[in-house]
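In the two assemblies presented below, subunit A is common to both, partnered first by subunit B and then by subunit C.
The block that comes next holds the complex of A and B.
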């Protein structure tokens, strides 16, 4: 696949503060999660990609065209900012139709699109209420609506799930995935790891303005060889299983869960362990209820990389 | 994407029109506009009172109107309106953190700035003209049949409009690069602009209000407000119009250039 968004040696600083340092990325269509703690440089990256800032060094391009001051590209971009900010005293409907008109839609088209988008984000019934009377979750949704209402093929979402309740988060995640299935290029940032994990496995980890890692979360996890894989096994007799692995040199550590029914194994050779486990299960006829990888998630990978 | 949208993006003119329409709408809804609309009622109320109190003394009434024109409209209302609307063109977007809604749209930055400037100038001109209309015709009601009266109104409204355009351009320029533009604007609008009128020589030509007053009716010296009168001969009206136009265009050009090239960061 060809890259839709490309950054080369992208650097940005604010006075003496480094915002982003030497970031080279190729982002293809689909969802890319931008993950990092607050102040990591996620918003700076998004502002550079959306042409709100000019890089100090390097370049950012969309389909080969530089973004900075290239406003003709912006009809292809939908941006949902992090900040909870709106024009004073406008209703959801006025806000959305006003911004659609800015994108070049006629009054009738803007009304039609606003109506459809408000329905998608489930705000149709509240469209005539002032935004300042909306709950935080509703404001997040109307902000999301303005980013997608003009049907952009690149959607940049800066912390879109912030302030949403669990149900709202699930709905928005579903919406983002729906847009992905339409072939759009979506960048979503978050500092909450499970949120990103729920949307995509393709991630860019950013910390102190630098890219720590990028790619598939599971592949990244595999690359971290200095850290063992953690595998949790839930079965009726975990001690019997553990006994079979005591002499196995690929096992670094074994411990039992507090419930007495689970065994947590740390190993560098995950595939070898699973092959051996299969044999053990067949030999002992122990019924395995659940196998999970507690550290095969973004939090663990992020912690490992930052410590590294 | 909508196939009806020009894939090449909008022209400067289209950007201007879209932003102008949005901010004509948004500008009307702000609390600031309501306050300034009420402010415009002050001279109307004064006009009503003067007409009642000075009934039958038409020359005195006209003289009072001229004082209102010079003191309220020229040296106060258009300055305060321009100051608040002009500096807010950029400041309200950065302080309200709404700038990204504009700058991530397919709009030329120059079009964004000019569109918002034009929308706010239009709102101010409408507010001032409405106030001027009522106060002018209430106080000059006895001259309804004179065609010259209507020309005079148009001249005053036009001069105030030009003043608004020039002051707003200046304050908008300050707002593009100063964080506390409103304070600097206050010092300029109500400090320098007033004080310089009483400097000897031609220093007063370094103020906008000098050219505004040059377009207003001449007043006789003396009376309680004589301190507000010219110490020097006013500039010729054509020169005043030209200079106000040049000032508006120059500051607008500078402001557009700054807005196009400068990055605006939201304060944490």
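The block that comes next holds the complex of A and C.
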């Protein structure tokens, strides 16, 4: 699959503050999670991709076309900024139709699209209320609505889930996934790892303006050789299982949980361990309740990469 | 890693046309928001009052016999000349009403966008910086031209109708151009003046005060400096006096202040240039460094 968004040696700085440094990425259609702590450069990256800022070095292109100063391209982009970005004195309906007109829709088409989008984000009943009276969740939804109302191919969402309650988050995640299934290219930024994990396994990790890693979260984890894999096993007799592995040189460390029912193994050879475990379970007939990988998730990978 | 997907998501079959006037939605929103402000409708309606009074004067001037008793000692007032039009346009209460309209309708034009971080939403759409600025300026154009050009031309037309001849037109064939030109000058100057101040703060209340106070203070300063230095050049400190000077130039009248009107043109042009510079620096993508 060819890249929809491509950045080459992208760098941006503000005075002597480095925003982004030498970022080269290829982003395909589907959801890509942009992950990093506050101040990592996520918003800078998004503003460069949406053509709002000129890079100091490098270029951003969408389908081979340079983004900077190519304002015609912007009708294909939907951007949901992190901060609230609307007049509080207009209604949700006025806000959305006004922006649709800016995207080039006629009055009737803007009204039609606004109506449909407000329905999607479940704000139809509140469309004539001033945004001032909207709750935080409603504001997030109307902000999301303006990003998708003009049916863009590329949707850039900067911390879209911040401020939403759990139910609101679930709804928005579902919506984002729906757009993914329609073939759109979506970039979602967040500093909350489980939020990104709930949407996609394809991530770009950014820290201090630099790309730490890119790709499938599990593939990235496999590449981090300096940290052994942790495998947690819950069974009736963890010590019996451990006894079978003591002589295995690929096992670096074993520890037991305080409940006496769990065993945590650290190894560089995860696949070999699982093969051996299968045999052990069959031989000893120990009933295994749960096998998990505590460090095969975004948080662990991120912590490893930024050397916490 | 990635799966192959079909792009079957184009819900809309229409043609997304490139707008001829991409700035229009911004102007439309600006005008609508102004009319939503409490009391603005009354102010806007009130701004037509001088035009109505001027129209009344013209009516009286063309029907002197009927108003003999009223205008016995005011012959000069009702002798309609290009000077009368210049007086109408530069009449301090008229300019004051324009400033009052700018306070309500113009102060938040850029300030509110800066406050609400709206620029990033605007500029992630097919909109250039010049479209944005033109859209904002057009809001000011709309209000200023509504209370200058529209009544100016209407009064001119009614003057011809009341007179029942083209004598006035033939005597001053350039007057229509002066009306259009001076209205345009006022619209452009007030647009730059208001947007400059609006871009200086995120708080539209401060901008309201600035728009009003700078105009007023410049006149007060002129009065103070004039009384100290006793030179007409102090008029250059007053926005109102400078507008008056430009008006005199455009309507081919003798300037009220003994200062070359060109100086006033240069000074007001300088304010516009400064405004353009400030706006070009302020209106751009902003990154929050945390």
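Keep this in mind: the second predicted complex is superposed on the first by the 306 of 308 C-alpha atoms of A that agree within 3 Å, B and C clash if a C-alpha of one lies under 4 Å from a C-alpha of the other, contacts with A are read in each partner's own complex, and residues count from 1 in each chain.
Everything below uses one rule, namely that contacts are C-beta pairs under 8 Å (C-beta built on N, C-alpha and C of every residue); 3 or more make two chains touch, one makes a residue touch a chain.
The model shown is predicted, which means the values in this text are computed figures rather than measured ones.
Asks: Putting subunit B and subunit C on the same copy of subunit A, do they fit or clash?
Replies: clash
Asks: Identify the partner contact of A:17: answer first if only subunit B is touched, second if only subunit C is, both if each is, neither if none is.
Replies: Touch partner of A:17: subunit C, not subunit B.
Asks: Taking the superposition on A as described, I'd like to know which of subunit B and subunit C A:105 touches: first, second, both or neither.
Replies: In the superposition, A:105 contacts both subunit B and subunit C.
Asks: Which holds for A:30: it touches subunit B only (first), subunit C only (second), both, or neither?
Replies: second
Asks: Regarding the shared-chain residue A:184, is it in contact with subunit B (first), subunit C (second), both, or neither?
Replies: second
Asks: Specify the partner with more touching residues on subunit A, choosing between subunit B and subunit C.
Replies: In the superposed model, C touches more residues of subunit A.
Asks: Which partner chains sit in contact with A:38 here, subunit B, subunit C, both or neither? Use first/second/both/neither.
Replies: second
Asks: Is A:53 in contact with subunit B, with subunit C, with both, or with neither (first, second, both, neither)?
Replies: Touch status of A:53: both partners.
Asks: Under the contact definition given at the top, report the residues of subunit A touching subunit B in one complex and subunit C in the other.
Replies: The overlap between the subunit B and subunit C interfaces on subunit A comprises residues 14, 47, 50-53, 71-75, 77, 79, 81, 83, 85-90, 94, 98-99, 101-106, 109, 146, 151.
Asks: Tell me, which parts of subunit A touch subunit C in their complex?
Replies: Its residues touching subunit C are 1, 14, 17, 19, 28-30, 38-39, 43-44, 47, 50-53, 71-75, 77-79, 81, 83-90, 94, 98-99, 101-106, 109, 113, 116, 146, 151, 156, 179, 181-184, 202, 215-216, 219.
Asks: Within the complex, which stretch of subunit C touches subunit A?
Replies: Residue list for subunit C touching subunit A: 1-12, 14, 16-19, 22, 24-26, 28-29, 32-33, 36, 112, 116-118, 120-128, 284-285, 287-290.
Asks: Quick check on the complex: what are the subunit A residues that touch subunit B?
Replies: 14, 47, 50-54, 69, 71-77, 79, 81, 83, 85-90, 94, 98-99, 101-106, 109, 146, 150-153
Asks: Would you pull the subunit B residues touching subunit A in the complex into a rising list?
Replies: 1-2, 4-10, 14-15, 18-19, 21-22, 25-26, 29-31, 96-109, 260, 263, 265-266
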